[in-house]
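Below are two complexes that have chain A in common, paired first with chain B and then with chain C.
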Partner chain A sequence: MKRHAVLWSLIVLAVVMLAPFVIVALNALKTPAQYASDGPLALPSDITFQGVIDFWDRVGFGQKLLNSFIISGSVAVLAVVVSVLNAYALGIGRIRGRSWILIAFLVANTLPQEAMVYPLYFLAKETGLYDTQLSVIIIFTIIQAAFGTYLLSSTYAGFPHELLEAARIDGANKWQTLVRIVVPISRPTLGVLFVFSFIWTWNEFFLPLVLLISNDTQTVPVALGVLQGQRLMDATMTSASALLGVIPAIAFFLIFQRTLTRGITAGAVK
Partner chain B sequence: MTGVKGLSKRALAAMLAAALVIAGCGSGSGDDGPRTLKLWHYEGPDSAMGVAWAEAIKQFESTHPGVKVEFEEKGFEQIQKTAPMVLNSKDAPDVLEYNKGNATAGLLSRQGLLTDITDEVTKRGWDKQLSQNIQTTARYDERGVMGSGKWFGVPNYAEYVMAFYNKDMFAKQGIAVPTTIAELTAAMDKFVAAGITPLAVGGAEYPAHQIMYQLALSKADKGWVDRFQRYTGSVDFHDPAWTYGAETFADWVKKGYVSKDSAGVKAEDMGVSFMQGKHPIMITGTWWYGRLAAGIKDFQWGSFLWPGLTAGSAGNMWVVPQGSKNKDLAYDFIAITMSPQIQDKLRDAGGVPVADSGSPAASPQIKELTENFKTLSGGDRLAFYPDWPAPGYYDVQVSAVQKLITGTATPRQALDELAKPYQENLANVGK
Partner chain C sequence: MIAKTLRDRGSYLLFLIPGALLLVAVILVPFAMNIGISFTRWQGVGDPKWTGLDNYTRLLGDGTFWSSFQHNLALVVAMAILPTAIGLVIAAALFDVIGKRFGQRAASVLRACVYLPQVLPIAVAGIVWSWILAPQGALNEFLGVVGLGSLGQNWLGDPEVALWSVMGVLLWIQIGYPVVIFMAGLQRADPSLYEAAELDGASWWGRFWHVTVPQIRPEVFVVLLTCTIAALKVFGPIYVLTRGGPGGATNVPSYFSFQNFFEKTQVGYGAAIATVLTVLILILTTVFLKVQNRGERA
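Presenting the complex of A and B:
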């Protein structure tokens, strides 16, 4: 009986979670005329991909996908590299004042982006990086690496000392210990960090909106914002854009499914 | 093991290198070679303005050989949020569409980010083309308050609030088109008696407070509007006009002209319910025209003017950033958008042109729309929008009128809610 209760509540939850996606899909495949006459909940009478195609052409979606991929990919890789180096010093190197450094990182991580936007804009402008993807890559590398450092430091603090000592006895220097011992052993955790950094950066809206002003540098979430007019919205095309917007996230999830579910046990060292 | 474990170190390194190389190439453009006009606006390609301006770009390119127009469509939100920063950088466009009003164009003009185009306006005669009413939102004084001072923009189109109505539903009840508020009330009584909620209203967004403003305007005069919108004198939110507006609106809810459920309805859903023929009347702005023309297939419809003063103004306008490198080209482009050809194009796509060419309109509804505008503009009847006078006032207006719909505030309380932010803002405009 109890098992059924859990099952049913999960089914209800799944339906509630999926309902918005179903409505988006329904309206994305509808003609604007049918939307106007039958409303948002009606089933599409004749399925049309025109809204999807129009949106793709209107914003140059292929370019936006590439931009998002470049930015998120670069950030994910750089954030992992920076986090590993930081965490090696903080977690294994046990440098002085490490807890203060971690607290500073955490506090920096909780700062709302709205508060940082003006200083970041100013810095980007002064360094000539305004409206370049490099500015966004640098900023998000730092933001994601702050969290990454925090996560990895606690993992590395519990790193088995026997392994490190064995490496030292074998004559490995600090760099060799990091590259040959620490990184390979913590690879599952690094994978989780990589995936999270990628997805979080992919979904960022506000800072890319402010920093990437040319259409050919913009990312997917910013492109989706183009459709919201001052007073009117194009419901079918907005749905089409939403549908296109979630597809990369779903694809990414399917590819990295295993790594993501491993995120639950992130931090554990074998 | 799949996933990240499969991503070897070498692959990661290669990805990183590739990504950085591409990112590095993304920016940087030479200033040499043929000239370009960098142009931004945020109208959809199918909207009246989008259609007309696409044509204007074509004309500009054919009359300016050797100049390339680099057009980018932006989101309204993006321009709203980032314009002050963009215009303050070297990446500013040469000409862009920007929102009119004290809190937007007025603010930027005060910050010195917009070019004073007064000389150009008089030289090219735009001040003659635009009626006094329409000029209000294009001119800002040194405090950034609209209505007087230098020119900082040129509006291409206008918008105003009126009533769209379902001719079939009116005919079925045997109701003639109302010309006074008393007639409108009588018509709505008939619909209520027939079990139909007469007004399509979106209480969660701008439509509801625009109706209340319309009601207040029916007891107001131009001096009242100037005091409220341009701070030319003290404003009393418990004067006869405001009181009439709030009390009548509450009364309309009580009588069932406005559904109590409409407090949570978005403007989009209001429009859809009118297009589905659920309500016979929708009091809202001309910006809905294109959507209605495209979406209504099953019934005849038309529009009629609100008696007396009416919410409305020039639309958003072209502004030339101070950092524009091609100001001469920007002026040439604006001149093309003000030409009779482009203005006609805008009209026939469902927009309200500011400069009338006198040529015949494409459809009777379009004729109605432009004729009504001429009546309003000629009679100096445009009264702007209720959410203009103070920053963040839109949310205040929505919330106060929502409470009138749900009955959680009395008309007096709702007006008090409107009064407070307004009076606080007076200090910011130096009053």
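Presenting the complex of A and C:
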């Protein structure tokens, strides 16, 4: 009896958590006329993708998706590479002052972006990188790599010594040891890191909002956020825009779910 | 031998070069510049004018600054304290009751539902909710349908209510994170302790408080720290939901500094706000890590 009470209250909770997604989907598929007459809670009488298509064309959503993929994909690859290099030096190389260097990366990961945004904006303008995807890629590579360095260094500190020794005896230099031994063995952790860097970069808002101002460079969240701020859209178009923002996130969630839950655990306990 | 070790370390140092260069160029130098700017009066063009501590003394007397930090405290409650407390109960219920009596599958499906908002870009979550909370939006409509129309509000437009609405949205976004982490922590909890507690006739609540919570203490610390820092940095939801309004009722330091940087072009003042926020976050991180270390040693 009591068990069922727990089950039901958790089901109610799940429904509350999902309700906003359902409502958004309902209204994105309605005609504006039906929205006006029946309100936001009614089921769509005839399903139309017109609102979604209109919104897609109006903001050039395909371009935004492409921009987001280019930026997040590049950052994920580069951040993994930089993290591996850092962690190799810190965790396996055990170079002098490593704990201070590690603290520097940890602090870099903790600093609020507000405390760097204006100089970054200023420097980007000075170097001609303002409003280019390259500027955002460079910045988020190191922000995500700061986390990756922290995560990987502790993994690499426990790397089996015999393997490294064996590689050395076989005449492998440090670079070969890294590429042929360390990277293949740590591939699962690198996968987690890749997924995290990708999704976090995809979801970033503040710095891309400041640095990317033109249609050709903006990411999905920035484009949606800016439009929302202008309050020019009607209700069905707003929900169409929200639906288009939600779909990639849910797709990533389903694709990466296993890696994600594993990864969150890896990051949580040092 | 010593020479060889040194050479060894030297060559490992080479691997650190790309990361170190990026760290200095993208994070440390801009951060130092920001501190420098905070001691000046600067419009973003022309030469900054050195004004010493003027920006900081001005902050102390600025009501908007103080209220933005008060709002930040409310967001810490909504994003760190409540999610941790509620997350503990949900995780324990999912792990202890659902997982054991109704199967792992049921537990993971429910967990996925609770976690879903976490994967949304925060700006998109803001759009979803600003539309639901609009005066003619879905929430007021729903209240009308179930006969509670009198509870309807201008959720984001009323200065008395707006901060509460923002807190509710952030709680919705945040709650999945502690649940997932706590459930993972419970996997490594020692089952024999539960059996012992059960034999001793401990109630569910007693077991929860004396067995479950102490076992996942490290996770609780990590969640509290990361969520508190996230709460202090909140920008996206404020930008999309309220723009700090109505009448500054939901302004937070992050948004306040953004306004000074890019809307009022009082760059020096914005830099001072950002610096204070940074110092606060660094102090908090240090204190948390100290307490955590002490807890582990005890």
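Following the convention adopted for this analysis, the second predicted complex is superposed on the first by the 237 of 270 C-alpha atoms of A that agree within 3 Å, B and C clash if a C-alpha of one lies under 4 Å from a C-alpha of the other, contacts with A are read in each partner's own complex, and residues count from 1 in each chain.
Here, a contact is a pair of C-beta atoms (placed from the backbone, for glycine too) under 8 Å apart; a residue touches a chain by one contact, two chains touch by 3 or more.
Please read all numbers here as calculations on a predicted model, not as lab measurements.
**Q** Do chain B and chain C fit side by side on chain A after the overlay, or clash?
**A** Aligned on chain A, chain C clashes with chain B.
**Q** Touch check for A:Gly39: first (chain B), second (chain C), both, or neither?
**A** It touches chain B and chain C both.
**Q** First (chain B), second (chain C), both or neither: which does A:Val77 touch?
**A** first
**Q** Which partner chains sit in contact with A:Phe105 here, chain B, chain C, both or neither? Use first/second/both/neither.
**A** A:Phe105 contacts chain C only, not chain B.
**Q** Of the partners chain B and chain C, which touch A:Ser239 in the superposed model: first, second, both, neither?
**A** second
**Q** In the overlay, answer first, second, both or neither for which of chain B and chain C A:Gly225 touches.
**A** After superposing on A, A:Gly225 lies in contact with both chain B and chain C.
**Q** State whether A:Met17 touches chain B only (first), chain C only (second), both chains, or neither.
**A** After superposing on A, A:Met17 lies in contact with chain C but is clear of chain B.
**Q** If you count the residues of chain A that each partner touches, which comes out higher, chain B or chain C?
**A** In the superposed model, C touches more residues of chain A.
**Q** Let me test your reading of the model: by the given contact rule, A:Pro188 touches which partner, first (chain B), second (chain C), both or neither?
**A** first
**Q** According to the stated criteria, A:Thr141 is in contact with first (chain B), second (chain C), both, or neither; which is it?
**A** second
**Q** Touching A:Ile255, do we find chain B (first), chain C (second), both, or neither?
**A** first
**Q** Using the superposition on chain A as set up above, list the residues of chain A that contact both chain B and chain C.
**A** In chain A, residues 39-40, 118, 121, 209-210, 222, 225, 228-229, 235, 257 are touched by chain B and also by chain C.
**Q** Can you tell me which positions in chain A touch chain B when the two form their complex?
**A** Within the complex, chain A contacts chain B at residues 32-33, 35-40, 58-59, 67, 70-71, 73-74, 77-78, 118, 121, 125, 130-134, 137, 187-188, 190-192, 194-195, 209-210, 213-217, 222, 225-235, 255-259.
**Q** Given the complex with chain A, which residues does chain B contribute to the contact?
**A** Those in contact with chain A are residues 1-5, 7, 12, 15-16, 19-20, 22-24, 26-28, 42-45, 47, 72-78, 81-82, 85-86, 88-89, 91, 99, 206, 267-268, 271-272, 275-276, 285, 287-288, 291, 294-298, 316.
**Q** Within their complex, state which residues of chain C touch chain A.
**A** These residues of chain C touch chain A: 8-9, 11-16, 18-20, 22-23, 26-31, 33-34, 37, 44, 90, 93-94, 97-98, 101-102, 106, 110, 112-114, 116-117, 119-124, 126-132, 134, 136-138, 141-142, 145, 172, 175-177, 180-181, 184-185, 218-219, 222-223, 229, 232-233, 235-236, 239-240, 243, 253-254, 257-258, 261-262, 267, 270-271, 273-275, 277-278, 281-282, 285.
**Q** Within their complex, state which residues of chain A touch chain C.
**A** Where chain A meets chain C, its residues are 3, 6-7, 10-11, 13-14, 17-18, 20-21, 23-24, 27, 39-41, 82-83, 85-86, 88-90, 92-96, 101, 104-105, 107-108, 110-123, 138-139, 141-143, 145-146, 149, 174, 178, 199, 202-203, 205-206, 209-210, 220-222, 224-225, 228-229, 235, 238-239, 241-242, 245-246, 249-250, 252-253, 257, 261, 264-265, 268-269.
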